[in-house]
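Next, two complexes with chain A in common: one pairs it with chain B, the other with chain C.
Let's turn to the complex of A and B:
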């Protein structure tokens, strides 16, 4: 008599390979956790994402160049906002130092990618070197800040990161050979990839596109890459550890989350995003001026995630586009409202720049009071209204 | 009685050739389509799939294990579990070794468990978890014939119990594997040598009047039921196939759920889905979106009550849209009823508009979006409810059958629905109405073999000509459709000598979302009265919206405002009935009726005598001139 192999008797045949789709028309019937965790886990999400991307790629054909430039800046800023959201939104570590990391990325890119023959230090390296390097140098700086965050919380951490901004500002002002000095600045490198110079009109062979159209396209591609990467970080074990730390770090430590490692990682990841954002953003602006990396810039990025939506990727994108477009929105308002002048010297009660500042303040106050979840929260409300149809819950 | 012609026809539709018993059908499916999905079971948020091959292999192991435990041909194996795949494995494995399955309701309290196990004489009990195991162990010293108890969920049992009769499901299957290694074809041989009159299962009646009796269903009875399901002209049109998806949630020890889960699945290969537990059925329905749904009236009542509760909390716009669509649904339902369930051009147009703005989403929330066939049976249902579902586009059919005829009686066929009737007899089913008593008699291959160990009860039910006396009073409508008036025993004869069917009145009351239970009383009395139990969810919601504070069920049902609300329901019902059939007084039940306290059967049917006895003083008070307690009049 042969002894039967009894080890796996009655063992359930769990679905293992890949992520088999649920039966047609039954997206909720999940047969594996992979389906449950998928980024686009319902047909509605799949279709709307596809539609959004298609619309994104059609945008450069439909919108005038000046508007397109505003959007391009918004898309690049969104990468930085996503980075800030990783550390502040997901991991709950308030950081006012984002401007420093943006500057670090911008100058790393300028130095590595800058003109080797020029007035300032430049190494003339290609983009596939200066872009990752910009991220990595910023990330390295983030790694240095990280350990401080392990010891400090809340306001104290905010003050320390505030100090970082002032230190950075001082360095950027004084390092004249790298930054060009205050009031002068230096040129940002050109966006040149695969032999195509996106920073010059008609750069894509065979397509008659302007500089702004090309840059928008590049921005969209980079944003999709970094956005998807961030979503994946957020839904992975690391992302869940971040959320656990945000909700209560002591409790997170109790359930086995390594606080030091994850706080440091959060700062490093966030700084990487900031570095890349800084490098890319100034290829559109063209000139990097050292005094622009001040507290105001940090606050602007905080405003992006607060108005967009804390701890959401799509919220960070919405917020970034909205805040970068605020200047333009103020100008449009000035055209309509009589007592706002559209220039600094003109009459009226106040000018567009003052209006922009007022809008900032008002928006942050209104969002914090009325919709703390930001633009994303408004979207969620609208979505839930239709999702529950014909019920309300 | 059997028609050879239809046999051939059935074999052709199921495509299973000569396989003609439940286990052989499953073995045949496992051979022909081993990798197809037979069932899904939700555990830890995932629907784990079982293929036909796994279904048969595990059932075969169960068979071997039973043989190894000394189960003989004709023995009984009891299963005490919620619906899950092990229930089906146990059932098929048991029948494969020519033993019979006895199902116990998960809600059965220990005294009933004792009655069922002792009456059936089961030698093996398969208990789901610690809860069911404890019930059996509590009374097991009175069960000398119970030799083995298999438990499926080891949580709380392993390492805590020392009873030597216990064996875990895992070890049970290992036992089967060892037996299989020693006797590889033992189960196959037994399954192939099965005879049509082998006892396949004992199904205990709910026992509204006395202790439950075990109805003996043979392999041939089950086969008859499976063949009806597989035919084109019984129940479904087009016929059910392996693409049809179902959710199994009613107790499997009831003949209706066994028919729609195990038999239909074996007969045509539908995919059966088991929810995590009874509480999560709503979620399961929504995820699975079944194509075929069978429900008892209580389930449909609850769904409608749920819609009303959730709607009352919805925003203004949503309520307005819903209100308009419900008016349309009402009209569509009326037209469909008048047209035997068939659409006209106009109803199709109106339905399409409502589908876009409301019904599609509503049905999706309820889990009925893809439902092509819904059925209600096992108890009488208010026609208003059926009409509601027809109005929102769920093709609802009332069906009729009982344990004693393998659930095969009559059914409303798609496109030939006559509301208020239970439809036309299935092909191969003879139904007649006794001229003297009005009792419905059925005769076919699915008629049971008798009550277990109760020859006198069998003789009362099955007559010499093979007619089954159903105990239901009914009549023919348009010569084709059968209408059931009531149970013979329940017919009320008032002091004035008028015959009244209480269930019609009760169902009309229960059609209101605010009423859960209604018991009409009036046998040998001057007028009718009713005991009414409220639906706590809906009435509670209603009270909250009126800022009416309440604490308990009793407190809520004794509020004068609630009494007024129910008075409105009663008045509405009274308008529909003749003067002698109106309810003159009613009394609010101060508690929810309960299975554990013997007021309801395991299938949630009211035990009239028990209720009447328990609330005798309240009933008497309604018939004397003094104001009944709690009436606030």
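Let's turn to the complex of A and C:
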């Protein structure tokens, strides 16, 4: 990426003017607090972020609708993955309960935004009410879990949050008037903002776009908003308190971090993200089925942040897109590899769903053993290789 | 009163299965400080081993169970050697997640074998029942209780008196000190996983003899051992047994009474009652009834 620039150190050690000139390339030594806190601290990062966003907005014009839908789901899932990363990656509180919060968000959105005359309870509210509400209801539930989390550590907490998923699943199954009941479910509300219905083809006036193209655009905008917000949380005082708790909670308490407040805050923030993610994700899937919020979903989100990169925002996004695309990848593999059948009942060694299951189980194991920093860690290796090129050290 | 006593009796039989699974969790936890989320897969596969040997190869019930225990133990050791040994010294959370990965992979393979039908194992005693004082207990339930009793007692004696049991306790106490005393710590990890695999195979076999047999989602049953170990305390063997029995009994009592007295909790609340019980216990005692309280010194 960037060539090592030894003059960096000299340039900053002896500032020419009152204000230090920002160094070129990746700084080897940071000399000011502002520099340490910078969101985009290298020119390469500035340019690549810009390029990525431009490329993102061009994507709907370039690829086919079925692929676009997979990516849209990935982008929406990324919001939830970022949320899980806040509590598990940054604050170090292992949560297997993410599926419950996703479900809570999805159903809050469906009830508030749902059809008022329909079979199930619906209030017909607009999106600017149901979306924040989905986040807030989930966050409130997170606040309720918080106090239990404060008393527990590590794997005890993992088991308790697992219990939350099972209790939540029971509630979703039983609350028929809200959720439609197992096997049936209910419709997710339409994504309608500023008078534009993104869930119907040709919703944006002037351009003739399909539903999938429009939803992708919305997903990208929301992901950028929530991603930047999470990055800001992570680099602010709250984020540093989270990391301190993760690294050693006793030490964090000694240097004056309020453990209770921050653990509860981490759960509430994470649940807020999960609620928003659940509400948005199911506008693409369209039907919200109560039994889909099971332990498997929680494990999938955990896999996203582990494979993407723990305690990184970009890693969570990469992992989320990768895991949601895994089903599609399995189908593509089935076309190439002879012993995988692409139908459920057909012969072959595995069908695609089994292949998908095995793949993501194996990926979790392989990544944790070989590259615990995930996809982000692979990127760091590549960057360091080119940074030192042609030397290998 | 008879209904209540009957619920407790049936619950004890079901709880005995949970106790076996919970013991597996606790033994792995004590040896390696990891909660193995691979236990559900080990249970299902152990049950399928029994099924395969008795239904396909035509062996009688008890020999199939014995072979299944050995194979389950072998599978446990294999998992430990391949997936967990390379990770010694890493955070326990990482190891726990690896066991989730192992569980996912193994369960896909198991489900491939199970297919769409349930794989039910025929129990030799058939549907005979023992009856006394108006209470009834099937032959199968009595066998479960007896087998669990024998297993738990022999395990306790092994850990208390055998040389390997002493080595296991030393490893649980302090791995490095145990190593310095000449204990093969790696072998102790393998032994713990082997015992857990064997226990899971027994549990799986008895679940396979139940009414539903083994289906694609039978693995959920094994997770009910998690509330059991939390209630009993993660690092307590007798806690695991008592927790397992408590979970079984609570489940049965809720199944009998909840529909009449607490109808607003919905149908099938008994299936999640153990988790509700777990929350109540944790609010009162965060380290379970018999767990060691973690002492934090600055």
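What we mean here is this: the second predicted complex is superposed on the first by the 354 of 393 C-alpha atoms of A that agree within 3 Å, B and C clash if a C-alpha of one lies under 4 Å from a C-alpha of the other, contacts with A are read in each partner's own complex, and residues count from 1 in each chain.
By definition in this document, a residue touches a chain if its C-beta (ideal position, glycine included) is under 8 Å from a C-beta of that chain, and two chains touch if they have at least 3 such contacts.
Everything numeric in this text was worked out from a predicted model, so none of it was measured.
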Check the residue A:36 against both partner chains and state whether it touches chain B (first), chain C (second), both, or neither. first
Comparing chain C with chain B, which touches more residues belonging to chain A? C
I'd like to know which partner A:167 touches here: chain B for first, chain C for second, both or neither. second
Considering only the touch criterion stated at the top, classify A:306 as touching first (chain B), second (chain C), both, or neither. second
May I ask you to decide whether A:194 touches chain B, chain C, both, or neither, giving the answer as first, second, both or neither? neither
Residues of chain C defined as touching chain A within the complex: 34-35, 83, 86-87, 90, 92-94, 96-98, 100-105, 107-109, 111-112, 223, 226-227, 229-230, 234, 265-269, 271-272, 275-276, 278-279, 282-283, 286-287, 294, 296, 298
Okay, in this complex, where on chain B does chain A touch? 40, 45-51, 54, 58, 61, 169-170, 173-174, 176-178, 180-182, 245, 273, 286-289, 310-311, 313-315, 318, 321-322, 325, 358, 361-362, 365, 370
Chain C-facing residues of chain A, complex: 94, 148, 151-156, 158-160, 162-163, 166-167, 169-171, 173-174, 250, 254, 295, 299, 302, 306, 350, 354, 357-358, 360-365, 368-369, 372
Which residues, counting only chain A, touch chain B once they are in their complex? 1-4, 6, 9-10, 12-15, 23, 25-26, 28-33, 36, 385, 389-393
